[in-house]
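What follows is a set of structures to go through.
Each of the next two complexes has chain A plus one more chain, namely chain B in the first and chain C in the second.
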Partner chain A sequence: MRYIKIYLTCVRVAFSQAAAYRTDFILGNIITLLSNILFPLVTVVIYANGAEFPEWSMWEVLLIQSVFSMSTGMSAMLTQGILWTTMDHIREGSFEVVLLKPLSPLFYLTAVNFSTGSLGLFTGGLVLTIVSASNTGADAGGIPVFLLLFISGTAVLCGLDLVMAAITFKWVGNSRIPEIFDSIAEFGKYPLGIFPKPLRIFAAFVIPVAVVGFFPASALLGRLEWYMLVAVIPCALFLAFGIWLYDRMIKRYEGVGG
Partner chain B sequence: MSDIITVKNLTKTYTTYRRDSGFAAALKSFFKREKVTVNAVDDISFSIEKGTVCGILGPNGAGKSTTIKMLCGALFPTSGSIDVLGFSPARDRAKYVRRIGAVFGQKSQLIFDIPPIDSFAMNKAIYGITDADYKKRLDEMTGLFDVGDVIHKPTRVLSLGERMKCEFIMSMLHSPEIVFLDEPTIGLDVIAKNKIREVISEMNRNGTTFILTTHDLEDVEQLADNVIIINHGRKVFDDTLGSLRTTLGSKKMIDLTLSKPFAGSEINGVPVIAGEDELHVSLEVDTEQRSITEFLTSLANFSDITDISVRSLPMDMIITRIYTE
Partner chain C sequence: MNPVRQKFEVCKAVAFVTYKEWSAYRSHSLVSVFVGPVYFIVQYFIWSAVYGGVGTFGGMELEQTIRYFGVSALIGYLTMDFADWNLQMLVRTGKFLTFALRPVHHRFFALSQKLGHRILGFIFEFLPCFLIFLFVFRIDIIPAHIGWTLLSTALAFLMNFYVNYCIGMTAFYFVQAQGIRTVYQLLASVFSGVLIPISFFPGAVQWVMMFLPFQYTNYVTAMVWTGAESIGELGLSIPQAVLFQGIAVIATALLSEVIYRASIKRFTAVGA
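The block that comes next holds the complex of A and B.
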């Protein structure tokens, strides 16, 4: 109960903070929403020109991509800020202001870094998911499994954020590392069948980014396969690893000269 | 009074990298970096009594801030032990920090874009302060610092003095038993410094223990009961402020204003140590070797004096000598 109260207070503060620059807040959300809508347009253009992903209709691919956007928006709201805040604190040697709070540093940073700007991304993803699903004859019976896989996919993205944030304790100023992980996450935006087998195994079980978009969309489309459910395990492990690594790396914090 | 902090053989070692200046050195260090081990804090032990104000002094890079950070639980010691309020700060961090407060003069705990009152509300939730306690404490602290209106303006528009006062409120809302202050008056004007010192004194009278690092010796002279001096990571002094004043022996400073320029190196056997110009000279008299009365009597023959004052050896001179010894 105490933690819920703290989280809600921090979210309120995050909204006050975002609202301090109203134009920036509104523009930021509009830009995120537009770029989110523009990305699926590439898929529309591909299909409009006669090309396609084998065995996947345009609306089905759009569904994968909108679920991916929704998951990205959700993880960004929860943990993306931790990466940049940790990076700033380590570089400036001010992480002690986090450690002075009588809370788990990870919980505190999750709460204070609630990203209001990612609401646009999540909302855009949600709207596109509903539109795409209604054009594919998606099965409402698949919603419970969809939710399980959606949460698992979001856990993978949160785990990636935490791993990257943890790395900054050792390698200060590695601002390009997120690009590598973003590239890996891209695999989740497409039907897994288009990739070679080793890559499919990697994206399903090693860094399970296929669970971010492809697997939950498959559940809605009635195209679920048993191995997709097994992938929930590496997702949970991946998030647990991110949390463990971050907590472990805090002990390496050394500050800077005062 | 009982000890509230006990530190034994505390050591903090860092590994850092050294490189020379210039492009060639930068290129060389890209492939092979020279590791350097730094003993930021080197085997120091001390204890601090409950209800006192302890000043930790030392030149830049002496290890003061590292010591404070370890006392706050933000850094793990390399070796040695710390006991504060019965806790091992880094190991028991989450429980321990609930009972302490900290103000870092160069690191803000306030949220930059919103008014301090919103940051305070966040701390209220984090520390689980009841509505009644929060209101009482906030009224008390804003009254003491005279910042009733200031807390409703965005932090980014506040002056440094206003911001520091709000930093104090932020770190004291939960009524901590010990407050760590790392250079709390850095960059502040005289009025803001005095206000902060007044509040520290007031809270100390009410039982709060303060540990303070500073370069401003007035902070120490006005606030501290005890002083610890750290240099090159080692403790070089640990005693009362009164003892610090006499650590260099019983010495007095005599300032003379003269009617004619004086360019000599001594007056009646006492060396001239400083002077604004040739009409103002200062002398350091060791009263264990020569009484003040005797020396002043001897000055009667020195007919050029228009003014004379006798004072204790300035604190900055004492500290400088301890640093350089």
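The block that comes next holds the complex of A and C.
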């Protein structure tokens, strides 16, 4: 209960800060919304030229990509700030400030790094999801499974944020770490069937990025397969691994900067 | 000392120091050795699936498109630039003052820095990825016309720098110009041809792109590298495309000087 109160207070503070810098908040979110519009452009161009992803209509592919955006926005609000804050603290040798708080360091960083700046990404993804779903005749009966898979996909992205943050304890100050994981996440933005079997297994069960966009969209489209539900397990494991790794890496913190 | 010789010596010294400075972070550059091939694999399967039902797409065959994306990644390693971020930071913090007082134009200093930084990129990003594309993925990544490719790459290098420097100069007018930088990067990611070749866009969009800087930082060079017979909506030959690129670079360089002269009057050197 105490932790929930602290978290809600931090969320309230984040919104108050956003209100203090309204123009920056609004502009930042408009820019993020714009990026949402441009992101599916490749798909639109492909279909506008008469080509296609086999067995997938344009709106179905856009649905995958908009769910992916929505999940990215959600995870960015929840955990993305942990990476940058951890990286800065370690580079400057000031992580002790976090360790001295009378709270779990990971919880503290999660709470104080709630990001209102990613609200635009989430909202843009949500709007595109609704528009895409309404153009595909998506099945409302699939919404409960969609939500389960959406939460699982968000858990994967949160897990990735934590793994990246944990790596910065050893790979000090490397701001390019997110590029590594962003490149892996690319596999989750397209119909999984276009990739060969080893990559499909990798994206579904090893680093389950397919659960971020493809599986939830499949649930809405009535294309759900049994193994997609099984993938919920590696998602939970991946998040647990991220938390475990971060806690373990804290013990290796040397406090000298870099 | 001969002014040209002096400029060369300054450029060499700044480039060398920048190279040494960034060598400390060479493992950061090596991230590209993983990221570049992974993005390429994704592109390979996307376009293989898309071409499954069509022979040509946007006037390009599958093999040419695959080569285009490989080459495009390599060009990125040679021309990567953050002059905009650097200049904005210097102006915002007031540190630009230390450059304004030096007997070297800051733009020339920044260009020399970029040269040193990209030599490092050539060794730790370009070469490993080039070899991976050539021997692991077995893509025909060798330039079709080496002379034109070198010239076009050099122009893309300059174009990227001058455009970014112009974006960076917005910091003289706004305290925090990060938003403008983000918008430009967003547009550049789409219209430079990194995500999708410009020839896949409708003719009207391609026509407009001729008069904007984006495609001269990547698309034109990638098409020259792959030896395309007809580039863009105008169906330019390689020499014509490089000529257009050269004109665009000169125009942007002149524009950057005009903006610099207007901007420097606003510099207060107090930081913000």
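Annotations for the structure displayed:
What we mean here is this: the second predicted complex is superposed on the first by the 254 of 258 C-alpha atoms of A that agree within 3 Å, B and C clash if a C-alpha of one lies under 4 Å from a C-alpha of the other, contacts with A are read in each partner's own complex, and residues count from 1 in each chain.
Quick note on the criterion: a residue touches a chain if its C-beta (ideal position, glycine included) is under 8 Å from a C-beta of that chain, and two chains touch if they have at least 3 such contacts.
Here the structure is a predicted model, which means the values were calculated and not measured.
Clash-free side-by-side placement of chain B and chain C is the outcome of superposition onto chain A.
Of the two partner chains, chain C is the only one that A:Asn49 touches; chain B does not reach it.
When both complexes are overlaid on chain A, the residue A:Ala20 reaches chain B alone and has no touch with chain C. Of the two partner chains, neither chain B nor chain C is touched by A:Ser134. In the superposition on chain A, A:Cys10 contacts chain B only, with no contact to chain C. With the two structures brought together on chain A, the opening angle seen from the C-alpha centre of chain A toward chain B and chain C is 90°, to the nearest 10. In the superposition on chain A, contact is made by A:Leu99 with chain B only, not with chain C. Legend: residue contacts after superposition of the two complexes on their common chain; A:Ile194 is shown touching chain C, with no touch to chain B.
In the superposition on chain A, contact of A:Lys251 is made with chain B only, not with chain C.
Between chain B and chain C, the shortest distance over C-alpha atoms in the superposed arrangement works out to 6 Å. Those residues of chain A that touch chain B in the shared complex are 2, 5-6, 9-10, 13, 16-17, 20-21, 92-97, 99-104, 108, 112, 251, 253-255, 257-258. Residue ranges on chain A touching chain C, taken from their complex, read 24, 27-28, 31, 34-35, 38, 41-42, 45-46, 48-54, 171, 173-177, 179-180, 182-184, 186-187, 190-191, 194-196, 199.
Interface of chain C with chain A (complex): residues 25, 27-28, 31, 34-35, 38-39, 41-42, 45-46, 48-54, 57-58, 176, 179, 182-183, 186, 189-190, 195-196, 200-202. Those residues of chain B lying in contact with chain A across their complex are 14, 60-61, 64-66, 68-69, 72-76, 93-95, 97-98, 100, 102, 104, 106-109, 111, 113-114, 118-119, 121-122, 124-128, 154, 171, 182-183.
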